[in-house]
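Heads up, the next two complexes both have subunit A, just with different partners, subunit B and then subunit C.
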Partner chain A sequence: MLFTSYGFIAFTAILILLYYLAPKKCQWMLLLAASYLFYFFAGPEYLLYISATTVTVWLAACAIQARGDKTAAYVRENRETLTREEKKVWKEKGKRAQRRLLVLCLLLNLGILAVVKYAAFAVANVNALFGAAGLERRFSVPDFVLPLGISFYTFQALGYLIDVYRGTVPAEKNLFRLGLFVSFFPQLVQGPISRFGDLGKSLYEEHPFRAETVALGLQRILWGYFKKLVIADRILTAVNAVIREPETHGGAWVLVGMLFYALELYADFTGGIDITIGIGQTLGITVKENFMRPYFSKSIKEYWRRWHISMGTWFTDYIFYPISVSKPMLKLSRWSRAHLGEVVGKRIPVYLSSFAVWAATGIWHGASWNFIVWGLGNWVVIMVSQELEPLYGMFHRRFPKAEGSFWFRAFQVVRTVLLMSCLRMFDCYRDVPLTFRMFGTLFTEFNWNILWDGSLLNLGLSAVDYGVLLAGLAALFAVSMAQRKGSVRKRIAAWPYPARAALWYGLFLAVLLAGAYGIGYDASQFIYNQF
Partner chain B sequence: MKKRKWLKIAGTVLAVAVSLILLQELLMPKYIYDITEGAMIREYYGEEKDHDVVFIGDCEVYENFSPAVLWREYGINSYIRGSAQQLIWQSYYLLEDTLRYETPKVVVFNVLALQYDRPQSEAYNRMTLEGMRWSASKVKSILASMTEKESFLDYVFPLLRYHSRWSELKAEDFRGMFRRERVTHNGYYMRVDVRPAENVPEGRILADYRFGDNAWDYLDRIADLCQEKGILLVLVKAPSLYPYWYPQWEEQVEAYALERGLPYLNFLELTEETGLDFSQDTYDAGLHLNLSGAEKITRYLGAYLREDIGLADRRGEKALADRWRDKLAAYEQDRDAQYEKYGMTPPDR
Partner chain C sequence: METEMEELLEILEDLHPEVDFETCERLIDDKILDSFDIVSVIAEINERFDVAITAEKITPENFNSAKALYALIRKLEDGE
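After this line comes the complex of A and B, so read on.
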């Protein structure tokens, strides 16, 4: 069920109605049933995967909690008799047992993810290696159906498990309540990857009907549909025209495709998240923001703090930090500082931890080399910009007025957008050699006249479409600027009724009339559905 | 305070509903000057409904039979409920719909529709279905006709289907919001121009000449419904040279007509009797008849309905005759205008 399908809209509308009619204590149960129903519509066979993850994570979390409680209780009861050393030994023993449970559950669930998502990729690469080595042996490539949102719900569930292990959150005793956390339907499709500590509370609370909250939620949903249907799905036609025929779209076309894709991806992904957060809000549930105007970032590092925030923090908290403070890494750090000197030595552990994060980020996005290269491309750019910091420092000492000036900030923003868009080309063409080849044509094919000679009208978009796009992007830009002063919707809520009613109705009409949906437009799923 | 709040809500809902209805009316195609076939089904509801004969079918009925001739020469009051590529289940549900308003003595059904067993085209579906008034028959017809990409909701709220037409609106869209001119003469689509039939292509070889089960099922349902209502069902095959009418298809229809005891007229085999001349009587090289051709075969059918079926001459009924006087005037006016448009001389001048 696509977010943009009539079925989904009807499903959500009926759910909201039932949610507020149902007894308050049953609201979360209704949400669980709806989430599983939603998942059932996506594919009944997928239910097995999500149920397996839920049950195993629930069992492991409860066992980890029980083991921790048992150790703590023993130490507390024998406080007087145990020596400090004995207490330490007991605690370490308990932690080891907890770790075994954690690792077992992680391996199991990451194993499921690896098999359904990455097995084909791995086997294809092994076969390619055999071929390159001149060996006849070939393995048959498995063909698993990828369950909807498996990367999102697996990471969300495992994040919760690690939090329980760390003692950050208590284990949820009720399997069904945990089931709702894992399967909450608006975020199943494309995230965000919520934390139990953030989402859990409002998910199970009783929510009385509040017209203002529901209205704010609906407005957010509407804005999400505007981004998705008016901007992303319209520009998609042009992106496809450029990308699917690379032979005839080199040179300046690559730049067009690159920038159009950057816009499409932003409108598509943030639009989907707006719908998710909006649905949560209509139900009284707080889903954390996943974007903070990323295209206004002045560096790639900042960009990644503002784009897909929940994924970035997940990788930082559950991969970067654990690797950074792991015993082998600390050992390596000590060794490298001793043998390679302070300057180089201190960088090696950071570089390696970041490398692991970016390789994981890349492969999380998809089982193909283009995503891995894209992830590592980000790593290279971040590391290089980190190494160039002394150079930037020299520049700013030489030109002290530049830093903080509007034009310099604008330069930084444009540079970041262009860099990110360049890296996204791997995602766009989905073929590493082709991406490099097409990037090369930017410097070998000089067809810049296509930007003004009317060729842009051959991409499946009419002049009217470009007009709608420009208007939509202008609205997007204006809202982004206004967001810097706080919630735009809350400020609009303070307007006189006719003005705000006209504004929201105008937005509704814009989606209704200018949305790229229905016959004549190919229904497109959200790009992040595929990850 | 509470009253004021409710008034505000009611006012908003009303304003939104009215504006959306107006917007929908504006954006829906009017089918007045282009692709007029889309306006045909709707016109029936503005009629006095006491027809002796109702034609049901696709372009082979609405372009080949002229109710004006049936009235003028035989006093038979008839109407054509046809639209472009009208599929057999659409014809069935249109018949059901028609029988909600009247029970004619004869239903004429053109058998070419048997060639389609599955939904074909959204554009043609729209032209047939949008004009139907809402009823259980319309719902069933939509559900039976939808292609894979179509959605029932788009039929309930056509604004969802035509939402992007705002960039191609013409003056007729604004004019047609409240008033639509008639495009047919009791369902007959008139064309007077001539394009002789030359080099008519042979039918391509088919893998299977049997009509589909779904198509047969709906023909059965048409026959059953007529039988139940005491209506005589007459099967016809209009004299279009293509789409090609295969002998194998002819055999199946003949066998069916025989089995069900239904009269069947294949006008392709009656060219001598009707006097049809494909160098004069078609406007698109044999696909459809022009006015001259339509009048010829309608005369033959009128004689058949009068003499073989025994339909009465109703020209003596004053109210009906008055209605037809106006209709015939419009018919002749349209005919003359078309002759002028195509630079032709009317045969009776």
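After this line comes the complex of A and C, so read on.
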């Protein structure tokens, strides 16, 4: 059931109605039932996977909490008789037991993810290696059905488990309440990857009907559909025309493809998240923002703090920090300082840990080499810019007026968008050698005339389509600029009724009339659903 | 003799000479220290103070100011 299907819209509308008619204390149960029903529609067999993750994480979290409580109680009761050393030993013993439970549950759930998502990729690579080594032996490539949203809900559930282990949140005693946190349907298919500390409370609270909140939520949903149906799905036709026929679309076409894809991905992913956050809001539930105007970032590092924020912070908190400040890493850092010098030693923890994070980010997006190379490409760019910082410092000392000036900021923003678009070519072409070849054509094929000789009209888009896209782009830009001063919808709510009614009905009509439908048209899947 | 606090300030100022770490109390909230900085500071603290700051201790409350970070180091040194 896609967000863009009539079925989903009807499903959500009925749910909102029942949600506010039901007794308040039953609201979260209704949401759980709706989430499982939504997942059932996606594929009944998937229910087994999400249930297994929920139950194992629930059991492990409760056991971790119980072990921690037991240790704390023992130390408290024997405060007078235990020496400081003995207390320390008890605490360490308790922590070790908790760690064993944590690791067991992590391995089990990451194991499930690895098998269904990565087994085929791993086996295909082993077979290719055997082939390269001249060996006859081949393994049959497994063909698992990838459960919808497995990367999202697994990470969300494991984040909760690690938080319980760290003592950041208490374990949820009620299996069904945890079940709702793991399966909450609006964010099941493409995130955000919420934290229990942020979302949990809001999910289980009683939510009385508030017309203003529901209206704000519906407006956010409408804006999401506008981005997805009017912009993303329209430009998708042109992106496909460029990417699927690489032999005839080199040179300037590659630049067109890159920039069109940048717009498509932004409108698609942020549109989907708008729908998610909007549905949450209509139900009185606060889902954290996942974007902060990423295309206005001045560096790749900043971009990754503003794009898919929940994924970035997940990788930082649960992979980057644990690796970079682990005992072996600190030991390695000390050893490197002693043997390789301060300069190398200081960099070791950051370089190695961020390498692991970007390799993981790449493979999280998909089981193929193009995503791994894309992830590591980001790592290379971030590390190079980190090393170039002294050079930037020299530049700014030489030209003190540049920093902070509009034109320099504009240059940084354009540079970041172009760099990100270049890296995303791995995502577009899904083939590493082809991506490098196509990138090369940017400098070898001089067909820049396609930008103004009417060739752009051969990509499946008419002049009217380009007009709609330009208007959509202008709307995106205007909203992004306005967002800097706070919620746009709240400010619109203060407008006189005729003005705000005209705006929202206008937007509704735009989605209905300018949405990329047409005869036989089927709204495309959201890009991030496949991850 | 250099006090531990002075040594900590030196570590931080090496990373961002432009920041007044004695008074700033929003190092994380205002994004002055990023994740790379935090890891560098932790490695440096480990080297100079022989104190290991684990991942769960990396919270805005512990890293928002030099004072808070110093309090964390003292707590860890005392074995709490």
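Throughout what follows, the second predicted complex is superposed on the first by the 527 of 531 C-alpha atoms of A that agree within 3 Å, B and C clash if a C-alpha of one lies under 4 Å from a C-alpha of the other, contacts with A are read in each partner's own complex, and residues count from 1 in each chain.
The working rule: a contact is a pair of C-beta atoms (placed from the backbone, for glycine too) under 8 Å apart; a residue touches a chain by one contact, two chains touch by 3 or more.
Just so it is clear, the structure is predicted and the values come from calculations on it, not from any experiment.
Bringing the complexes onto one copy of subunit A puts subunit B beside subunit C with no clash.
In the superposition on chain A, no contact is made by A:335 with either subunit B or subunit C.
After overlaying the two complexes on the shared chain, residue contacts for A:6 are found with subunit B alone; subunit C is out of touch. Applying the stated contact rule after C-alpha superposition, one finds that A:324 touches subunit C and leaves subunit B untouched.
Of the two partner chains placed by the overlay, neither subunit B nor subunit C lies in contact with A:477. Subunit A has more of its residues touched by C than by the other of subunit B and subunit C. For the pair subunit B and subunit C, the least inter-chain C-alpha distance in the overlaid model is 43 Å. Interface of subunit B with subunit A (complex): residues 8, 12, 16, 23, 122, 149-151, 153-154, 159-161, 163-164, 166-167.
The touching residues of subunit A, when paired with subunit C in their complex, are 84, 88, 166-168, 301, 305, 316-317, 320-322, 324-327, 330, 333-334, 337, 346, 349-350, 353-354, 386. Within the complex, the subunit C residues that touch subunit A are 31, 34-36, 38-40, 42-44, 46-47, 52-56, 58, 79.
By the touch criterion stated above, subunit A contacts subunit B in their complex at residues 6, 462, 464, 497, 501, 505, 509, 512-515, 517-520.
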